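Below are the structure tokens for one structure; questions will follow.
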Amino acid sequence: MNLAMNSALNSTINSGMAPVATPWFFYVLAGVAVISGVLVITRRNAVHAALALIVTLLAVTGLYLMLYAPFVAGVQIIVYAGGIMVLFLFVIMLVNIDRSSKERRFNRIWAVGLGAACALLALFVFAFTKGKALFPDRGMPLAEGSNTQEIAKMLYGEAGRMGQYTFAFEIASLLLLVAILGAVIMTKKKI
Amino acid sequence: MPNFIMSYLDSKEALTPGSAGSQFWALIYVLIIFAGVSVAVIAMNWIERKLLAHFQVRLGPMRVGPHGLLQPIADAVKLMIKEDIIPAEADQLVFWFAPMIGLLAAFTVYTVIPFGPSQAVSDMNIGILFMLGVSSLGVLGIVVAGWASNSHYPLIGALRSSAQMVSYEVAMGLAVVSAILMTSLNASGTGTLSMIGIVQAQQQQGVWFIFKFFPLGLIAFAIFAIAMVAETNRAPFDLAEAESELTAGYHTEYSGLRWSLFMLAEYAAMIAVSSIAVTLWLGGWMRPFPNLLHAPAWDFIFSLFPGLTFLALAAIALIGVARMPAHSFFRIQRIGLAVFAALLGFVALLLLVIAVAGRSADMSVAGRFNDGIDHVYWFVLKVAVFMYLFIWYRATWPRYRFDQLMKIGWKVMLPISLGVLIVTAIVGVIFS
Amino acid sequence: MSAYKNDQTNDASNRALSSLDRSNLDLKTPDKTYLDSNELIINMGPQHPATHGVLRVILKLDGEKVLGTECVIGYLHRGVEKIAENRTYTMFAPYVDRMDYCAAVSNGLGYCEAVEKLMNVEAPPRAQYIRVILTELQRIASHQLWLGTHALDIGAMTPLFYTFRDREEILKIFEKYCGARLTTHAFRIGGCQYETYAGFEKDVKNFLTFFAPKIDEYEALLTTNRIWLERTKNVGVISGADCIALGVTGPVLRASGVKWDLRKAQPYAAYSKFDFEIPTGENGDTYDRYLVRMQEMRQSMRIVEQAVDAIPEGPIMGKVPKVIKPPVGEIYHSIEAPKGELGYFIVSDGSTQPYRLRVRPPSFVNLQALDLMVRGLLVADVIAVIGTIDIVLGEVDR
Amino acid sequence: MPWTSPMVEKYRRQYGSGLDAQTYLGQNYLAVNRSLIPDILRLLRDEEQFDYCVDITAVHYPKREKQFDVVWILYSFPRNERVRVKTQIADGASIPSSVSIWPTANWLEREVYDMFGITFDGHPDLKRILLPDGWKGHPLRKDYGILQQDKEWVQINLGIESGQ
């Protein structure tokens, strides 16, 4: 904590390319995410599992921030951690936990799960060995300061130009609308 | 003075410590804000009890210290030395950390609240999104606390409050969006989510967003002002802790320090949401009429306000000293109040000296201090108005029933806020 | 009695009956949805801030909707009726104050008049006027207490303090008159023990002028308050016929449109000499009960005003022997207490102690209607309805 | 003093000696045989408009053969008139419940059961109301000893001798 460090940080901010924090930070977040992810599937108590899932989501939020994607991080918190998980807890709280904790912990299709896990591992190994060759060599500007605006341009386009994903975005929102209506109809007999 | 302190004071550009990358100053800011909010919560405790008492034709706390000024401290000590009971049937671990969740969420949002153009810990690009997101985490603490207590009343309280907070977040979010939409009405056509950017947009457009596209801004503000009362579980939407129905709602089983953490979180959240309202609609740190009355003389007059406010408080305390009964029983109280008045007077004097010394608009240390004090003063004053409103609501209104609350949230506020958003967008396109 | 229609009675009593039958508790399940949750049984009370004492209500809930209730009472049972059999008539008089301790004067009036009737004596006119004044003041005080606590239950804190501030003025008059504020024991069998103190009339008149704007103040806080309206309108509705079938009396009955008040129907004390009206409601909901009680306070003020102006001179004790020994026989006498019909059934065997004394408590009987009134409402409404029935557990449990 | 009215004449003709109408201090009452109780109560409500059951209570006379007087206090809104119905029953005998006639009788009968031990046939939920379920005895009987109850309770629950 001295002037030299400050100026060094200033320079990294200004250059806008270097990672925002040390690899150490990444390993901590990744470790938290993995451990709490394991807890999610091993906890007998559903509320504990849900809380562990929230921790996982928050750790992933931290990873997004490290990737200069504050908008995605914010949305992750507001939608997943703040919204969906609250509803999850809401439902879980009403479930009879005594009974569910006595049930078998893993269901019978564990072979499928094992296969899926192996496939994922293979994918990771493949990506790791191939390295950069897999991804297009197009350097995205790591702009923390204008990340939100960039996303907006992608989704909605700029003045006089339709965005790259405008159509997909609209289709997705239409799909969600249908889902909402479906949920209402499913739960309410008389509307 | 060490360099890293001077580096900040001498800096010509007004940047928040977070944006400037100065960890030292960020840490100082965090500590100041943490201490300041804690003190504000304690003060709120006293003010609320006093104000409620006066609304209800009684005196309120009078015994601990002059006019009960030390009552919050006595309360805090009492809560700290009380036994911390964890029910045997409760989920120990979750019960233990549930209050922390709410507290963490309530205090984390302060990192982006702009008390001034550079008086914030950090100026995040997603400021308002971050605030809404983190404050929505607060409900987790309530839900989990109600569940972990393993008791009916807390469970119902938790269910009520989570349903309530999730519902009102929707209307609140839409109202916020319509304010953010207004920030994009500039030459470049790009808006901002940054809290400081939002205030600067109001500065550039020369109008607080509450008056923008009258009455659209006002309606959006009203929606937010109602939703924020519901968000913080305050009367008349305090169903989650409805004392007469659910004993104490989600914190029925809590006691001592752990209970006080809930209270701390609730009041911190009240200040936080009021800050959002002030930032989005009431021009944040800006003093009244910054464009209309922009002569340096006006600047000087408005910069006297903080000192004069403290002077007025000191005068009120002095009147209290004079009005105290002339009985030996009250001697210590009178001395205490006189010391308090002297303290307020000293602060007033200090502020006035700074205002006079920093009246030239250059970037001297005194000038910067003066600007900072001005900004923080106007911001805190606006927030204080909201705090007063919270108490006023509580004294005046009965409590809504749960179904009525939901009806208002989904069938009244949501359509209105949606309509306001659409109309704001249309009007914005037409007039820009 | 015009609002009352006799032909409804049978249906109504059958309907009220079927809903009281506990085997029916399960029948009223809501429409099945995909998200059915289990029913919840919760205990409201006996330690609960809004059950007005030690009332315990077992609620069967579907979410927050009330499927049925069961009241568990008796936590405050002191065996008043047994005590009466072991005390002389005079010694028992202070005990009645402890039943409805919010309206001690009314309790005392009922008891004294019942014994007087049994002995076939009458209190002199001056005593009767004093009795009317104090009893009506007590009715105002009782209604004030009700208003404050009821509003607090619904979430409005402030009226509580307003009503307690103003109730204090009434208690001061009681204190100056007989030395006690709450359990007054103001009357004696055969009249009053104490002559009014100097300035009694002035104090009462001062109170009337002081209190008239205060009622407006309460009404300003609540009557047109949107939230108050939403919380009380159409909540806890009970029809007049149901009220009669369930024996509900007092403001609850009147709010359901039955114009019946013992002070008019079977006048006692000096009530036949005063001009006042019986306020009634139409819908029988919580809001109407609120309005009726507010009107009753105004009517009580009218009565007190007339009584103070016309208070006659004369003795305050009738001709009663030193030792009270009513002849063999039995009597039932009831008065219109603030909460409903308060009756005393006394059986005398000619000794100095009552052979049997039965109190007909209005709170006890009115509380029975709770189940009918809250079915299908929400938990928050249960609180509002308990408040609006206006019970005092000292009287329910005796 | 005998009570005469068209209503009483009618019932006397119908039921003969099972019914005795008296008035005392201006208050009327009917002393009725136990066997006539359900009929009389129903007729009083349906035909004579005594639609409001004010109170149900009992009186204990331990020296009598039929130890208990059960008393119904009725009121008629249309006639603005009160009447008391009394009947005598022996200890251990039961009496038909009037809950089907006046729903308000529910709690009142429970209280009579609680205090006197008189059972009401056909009552939907006859159990103690004011006293706890495990209570011994019925306090308003004349032979119920207050001190004995107190001593026993103290001995059992506190394990000490009562000072009474």
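As written, the chains take the letters A, B, C and D, and residue 1 is the first residue of each chain.
Here is the rule we go by: contacts are C-beta pairs under 8 Å (C-beta built on N, C-alpha and C of every residue); 3 or more make two chains touch, one makes a residue touch a chain.
Please read all numbers here as calculations on a predicted model, not as lab measurements.
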| item | value |
| --- | --- |
| Most distant chain from chain A by Cα centroid | D |
| Pair exhibiting more inter-chain C-beta contacts, A-B or B-C | A-B |
| Mean-CA-position distance for chain B and chain A (Å) | 30 |
| Distance from chain D to chain B - Cα centre to Cα centre, in angstrom | 65 |
| Whole-Å gap separating chain B and chain C, where each centre is the average of the chain's CA atoms | 46 |
| Numbers and ranges of chain D residues touching at least 2 other chains | none |
| Contacts with 2+ other chains: residues of chain A | 94 |
| Overlap residues in chain B, where contacts from two or more other chains coincide | none |
| Residues of chain A touching chain B in the complex | 1-3, 5-6, 9-10, 12-13, 45, 47-48, 51, 54, 70-71, 73-75, 77-78, 81-83, 85-87, 89-90, 93-94, 144-149, 152, 159 |
| Residues of chain C that touch chain D when the two form their complex | 1, 4, 6, 9-10, 13, 16-17, 20-23, 73-74, 77, 79, 81-82, 85-86, 117-118, 120, 244-248, 258, 260, 265-266, 329-332, 334, 341, 343, 345, 347, 355-356, 358, 360, 364-365, 368, 397-398 |
| Chain B partner contacts - residues on chain C that touch it in the complex | 40, 42-43, 48-50, 64, 151-158, 160-162, 165, 221-222, 225, 227-228, 230-231, 378-381, 383 |
| Complex contacts: residues of chain B adjacent to chain C | 52, 55-58, 152-153, 156, 160, 235-236, 238-239, 242-247, 394-404 |
| Chain B residues within the chain A interface of the complex | 3-4, 7, 19-24, 91, 94, 124-126, 129-130, 132-134, 136-137, 139-140, 143-144, 146-147, 155, 158-159, 162-163, 165-166, 169, 189-190, 193 |
